[in-house]
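Below are two complexes that have chain A in common, paired first with chain B and then with chain C.
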Partner chain A sequence: MNSVHERYTVSPYLIFFMVQPMLFGLEFLSMSIKPIQLAGQDAWFPLFICAFIAHIVMYMIYQILNQNQADLIQIHQQFFGKWVGGGLNMIFITYFMLVSIYQIRLFIEIIQVWIFPDLETWPVALVLLALTYYMVSGGFRVIVGICMLSFLNQIFFLSMFFTFPYLHFNNLTPIMDHSLMDFIKATKELSFSYRGMEFLLFCYTFIKAPQKSQKWSQWAIISMTILYLVEIFFSLLLFKPEQLPTEIWPALSKYKFVQFPFIERFEFIGSSAMILRIFPIVCLSTWSSGRIMKSMFSVKQRTMLPFFLVLMFIAVCCVPNRKSIEGIQTWISMTGFCILYVYIPFLYILNAIKMKVRRTA
Partner chain B sequence: MITVPQIWNELKESSDFVCLQFETQTEPYFIGYFKSLTDPEVLDQRIMASLSMEPETPLDDLYPLIRVADKEISSDLSQIHNKLLRGYVAIQHGLHHPKCILVNAVLSKSRDVTIPEIEFNVEGSKEAFVESLDTNLNLIRKRIPISALRVKEIIVGSVSKSRVAICYMDGVTNDQYVNTCIQRLENIQFDMIPDITVIQQLIEDNSNSIFPQMLGTERTDRASWGLTLGQVCIFVDGSPTAMLGPVSLGSFFTSYEDYFLPWIIGSIMRLIRIISVVFSVFASAIYVAILTYHGHGISNIFLPTIISSRIDVPFSPVIEVLIMELSIELLREAGARLPSKIGQTIGIVGGIVLGTAAVQAALTSNFLLIIVALSAMASFTMPVFQMSNVIRIIRFPFIIAAQIWGLLGIYICAIAVITHLLRLTSLGMPYLVPFYPLRHKGLFDTLIRPPLSKFYQRPGFLRTKHPIRFDKKHASKKKDIDE
Partner chain C sequence: MKRLLLVLTSCLLLTACTKQQILDRSTLFLVSALDNAPNGQLEVTLGLTKFKAGDPGSVSDEFFSKVGHTSSGITDLMNMQLVRPINPGKLSVVLFGKDKAAHGLSQELDVILRNAQYSRRMYLAVVDGEAKKLLEGNFSSGEEKGLFLYNLFDTNTRKGLIPSRNLHQFEYSLVGKGIDPFLPLLKMQNGKVAITGMALFKDDRYVVTINEKQARIMKLLMNQTKRGIFEAKLGEGSYVSIDNTGSKVNYRIYKNSRYPSVMINLVIEGKVRDSREVTYPNQELRRIEESIKKDIRTSGLELINLLKEKEIDPLGLGDFVRSKTRNWSEEAWKEMYPSLNVRLLVTVHLTETGVKK
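Now for the complex of A and B:
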């Protein structure tokens, strides 16, 4: 089944560096607002529930892939036949495209709000997509290299500790003050931050000894849970609950507290550095879409790549303002939720039945 | 079908070819050679002397009488032709006899082994390669006197017919690298190989990259160290540089002198070099970004210094930086093209006089002058000259990107460079190894220079056949207190 040449595969441990930035998109910047609105000081509890579910979903993904020894493109076609499977693959392409468009547009918005208010959307989009072309045409290994580079971005987490003198520890009490319904709603909101595991379904065959990589994927989720926990706690401690909804990106606002002897406004450095977070997601989306097209219609990835990028460029330029970005976000959040928490369990059960049938037969 | 007389006739078209006819009672001897290529001493004392002592012997009997080690009897016409053109003497008995004795009488004139001019070291040997391939191989063999050192020779270039030698350690170096090298060298379609850098450009993985994918060195100790670690070393006749491959980016930051100093000092030197390169690439670009867009990004303590220094400067920051950077490049280029004594004068006139005058005339700020001079100096810390050229050039895209989008531009430019480095390979080995793909054992000898007793393994990323250099247990046995 595994037809990928060993030269193009990556070691299992690199999956840690790949899964982490996939989960860690730009939506991270605003992830703490809604859960805190819903669950207040208890927002850490839904986070744990969400992390637990994410671990289970990751386990399911690996079960499905390990038992079939193929990526989702082939599984789709085996399970549902050429047409339905193809249709499902197309849904994934659309979803991936939307995710990249969302990430790029969100980054450009951050730049427009924080650094260059008069900047047009299209030149930045053009440059970012040109860079994406250069990365994706280098192949999967280069993309994983970019993922590893984006791991450097975690250094900026240290900036949170500049906020220590301004923290209000009273904000944390009382504990468990919210209803079950609030927790469930907050969990659903948080599940958006764990979106991104689905990329693994498409690059499975590019992992050397893929069974061994599950450990690293689970570790990536754990590390992300810790980062999210830190983020939620700092948001709780730093902002009043009523103040938080007025912030759009609380994570960026924290950079205002950073002070160095010769740097006055750290947010310039911090907000431009968000560029490292968009590339892993955008590259993997375009790469996976190209793979899908390749195995379905046997077109070259190299010919599909410019097509996807032009499509994304036009789409990014067509998103005018905050409101439409939020519109995309709602759409992605809904689709992502369906894929991860409905479709994958469904596929898991289907696969389990299929395996059982095969074993008895 | 050509014959030996036809070769004589063809070569006689050149006035430096000589075909002597040595009359005997039976058939005459014909002795052909290029007088510009042969050593007259060998010709007179070894060949002509034995011939005149026994003028009547046939060719086969004459052969043992010639007291030269490198000789052979051959009837292969193309070999006779080629060897004549390399300085051999051909002896034929009778004009239509197909066999010839080929005697090596090559007059090789090369300069003596001198001290390294480009990669100068304070400590360590002062021995550099020269233009003669045989001398270079001699220098390497003297340092590695074991049979595992293998030398393969091939001829490259349709006109220059340059001898190229590929050296490697049998049982250590990965065969894949050796075979890649040989295959690429054999595939070269080029006429003139004046220097090894030409070969480098022809066999590199990506010839459109400004980053060198092979490491050129003129130090014999560096070349032999690379061979011991499992790299392939290529020499070309006529070039005083050896080329090591495969290399990673890290190799260009290591000076061979690091290994001669105590390991702590060596590591600090290496760290300083890395910091200085980062400074050299980013300093002017950050200056442009801050002064053009992010003026309120820097602290109030720092701002007055900058403002007071460039209050009279009429240019925008980017023009100011580009003028300064270009004039430094100009100074460097002028200094490199002139004889060393005049070069020094240029340095003083250009650096001190022009610099002071430019500040006084308010064409540039003191602050920028410091940044540009420092980053120029920092780029000189690169121990490998090829890389210091790269650092020189790569600054300009950063400056322009900083002018367009400030800090964001610098980020984008840096990501583009890193993507380029991620895509690069050297003889098929990833260029950024051991950082990506991460090889924690290989990290040992990049950022720091490990103590030699701990350096018992060859770098894992070279995929050597024998990864252990020496037995670790004997080398570093720790004693208990008072034992």
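Now for the complex of A and C:
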């Protein structure tokens, strides 16, 4: 086992606060559209299927890591040798970069559409990435702190209650009025929302007594399922299924119902507060990329960091409009799907075989 | 430390990159009116607020109107007449002229729904006549007209006299299957603006008007209410009035024959408000209950028959049947709707008679 000094590790329960924001990205804002389009009032059912699968995948991740007592970077090199393993690690770096680019660009887009229509992309990207530099260079424990801070964001869920007079409860019936094919398609769409657990593969060695943290990861998935369920139910009750596809961010449109005597437009606060959601993801992804580079080429993580950030900055500025953001999204959802639901089960089986062979040998 | 300082100072360079919008240097409007203009064009009237410096209480308004093809283009052109640019964020009431509403509203709605600056809680209404004419009238006794209209809708909706209808609810019933939208109808009466009924829509086109009494019945049939006075005739020209203290409505579907039938069950709790100094014994109360029941039932069925005849469904009966039927299809429902069997069951309970016997 590649030992990490205890000074740099975190307690197992903190994993809850890391897995949760990793799943809770900005794609949450539009996650209810496609499942509801496909499965209508039954969209909660595919959500349960998806949550169940996510729990299994999480279990597989822990099995792989626990049995090897190492992170995925070393497992790759042990299993596939230096070159193939290194190539796989590189794929993960690309994927993590893509995820961060997507999150940052989506946040900037929301600011541009909802608050400042004539804001340029690059100044915001510069500020966000400068902040990322500051956080990531602080090390793993600082990032965990940021993740905990982002937990505050949950408060915004209370805003849902402002929509209460406009809810229509007969939108929920008839129950189970969709075909199996619809459910499978909706489950596939929802699987995008459970993307983000894969980072655990890289920070495993930074958890104190990592076996104990599995409980907390599973709890994080349960808490996310509840949040998704609330979001889907409120979308169903508030909008007609025909109305939803015309919205881009239904979760933000819900803020339009909030009314306070002292603030006319709550969505200004709501959409700016999304910044708390992007930082855990961007920081952890950048950190994981740096970590991979460090173990593979033994370069210092801090020297790699500016390189990654400049790359991200250029990429973020090169994404011009809604259409290309959606393009990135399909890319990520495809890669994420392959990693979580194809590659990890494959690795799990491979690992099981390997363990058996070693035991019999 | 040095690095951190560098990052922090670089942030200072990035302040105020965007266009500033200072309240004192922009013109707000609360109400806008949309009318048809010749050659398929659109006439937009905006009630722009004017503040007097040094006198915080006085807000007046000034009306600008222009003809053009799109409302956004017109608003932009209006800036040519103004010292301070228009900011549309505060728009809270949109009025449509009757002609405009009859030609369809979906294009104008798209403008409002697409812009992130507008609230979903703004009120929409149809004006009997031209919306511009109504705004030009002097009905608010000096108060800012947009605010006056907003409060008019807001208080009446909160009190439950008219069914609540804002932008979101209009879009909901417009886009939703098996449900048709409606809007309050405004009219100038003796120099005062009044809500005189409801304008019912088929898709996005205004079709028919119902009066206040029918609107009140519609409200009773749609959701729970806690307010409203009913008058009941007791024969020989004597009337009593009953205060509604709470009404409940539920729909039930019967699918025993080939076509479903819908039963609407309305329960009203009330108390005697005005009995013309007559003390009523118990059986007399029953007679009042019967009389009110009959009255509501006849006018309710009348309303439902009118809706069926015009093939519009503001009550959302189609949506209700959808929620109880598997594989519901809109086309089949639309064919069936005019001949749908709707039964109305009204129950009235008079619980109190005020502080007098």
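Note that the second predicted complex is superposed on the first by the 360 of 361 C-alpha atoms of A that agree within 3 Å, B and C clash if a C-alpha of one lies under 4 Å from a C-alpha of the other, contacts with A are read in each partner's own complex, and residues count from 1 in each chain.
Please note the rule applied: a contact is a pair of C-beta atoms (placed from the backbone, for glycine too) under 8 Å apart; a residue touches a chain by one contact, two chains touch by 3 or more.
Because the structure is predicted, anything quoted here is derived from the model rather than measured.
Legend: residue contacts after superposition of the two complexes on their common chain; A:276 is shown touching chain B, with no touch to chain C.
Residue contacts after overlaying the shared chain place A:240 against chain C, while chain B stays out of touching range.
Once chain A of one complex is fitted onto chain A of the other, the partner contacts of A:253 are limited to chain C, with no touch recorded for chain B.
Using the contact criterion defined above for the overlaid structures, shared-chain residue A:127 touches chain B and also reaches chain C. Using the contact criterion defined above for the overlaid structures, shared-chain residue A:87 touches neither chain B nor chain C, since it reaches no partner. In the superposition on chain A, A:265 makes contact with both chain B and chain C.
Using the contact criterion defined above for the overlaid structures, shared-chain residue A:116 touches chain B and also reaches chain C. Contacts of A:142 after superposition: chain B is touched, whereas chain C is not reached. On chain A, the surface patch touched by chain B in one complex and by chain C in the other comprises residues 116, 127, 131, 134, 264-265.
Interface residues of chain A facing chain C in the complex, by the touch rule stated above, are 113-114, 116, 118-120, 123, 126-127, 130-131, 133-134, 137, 165-166, 168, 170-174, 177, 239-240, 242-243, 246, 253, 256-257, 259, 264-265, 267. Put simply, chain C touches chain A in their complex at residues 3-4, 7, 10-11, 14, 17-19, 89-90, 113, 116-117, 119-121, 164, 168-169, 171-172, 175-177, 319-320, 323-327. Across the complex, chain A meets chain B through its residues 10-11, 13-14, 111, 115-116, 124, 127-128, 131, 134-135, 138, 141-142, 145-146, 148-149, 260-265, 268-269, 272-273, 275-276, 279.
Here chain B touches chain A in the complex through residues 293-294, 296-302, 405-408, 411-412, 415-416, 418-420, 422-423, 430, 432, 436-438, going by the rule given at the top.
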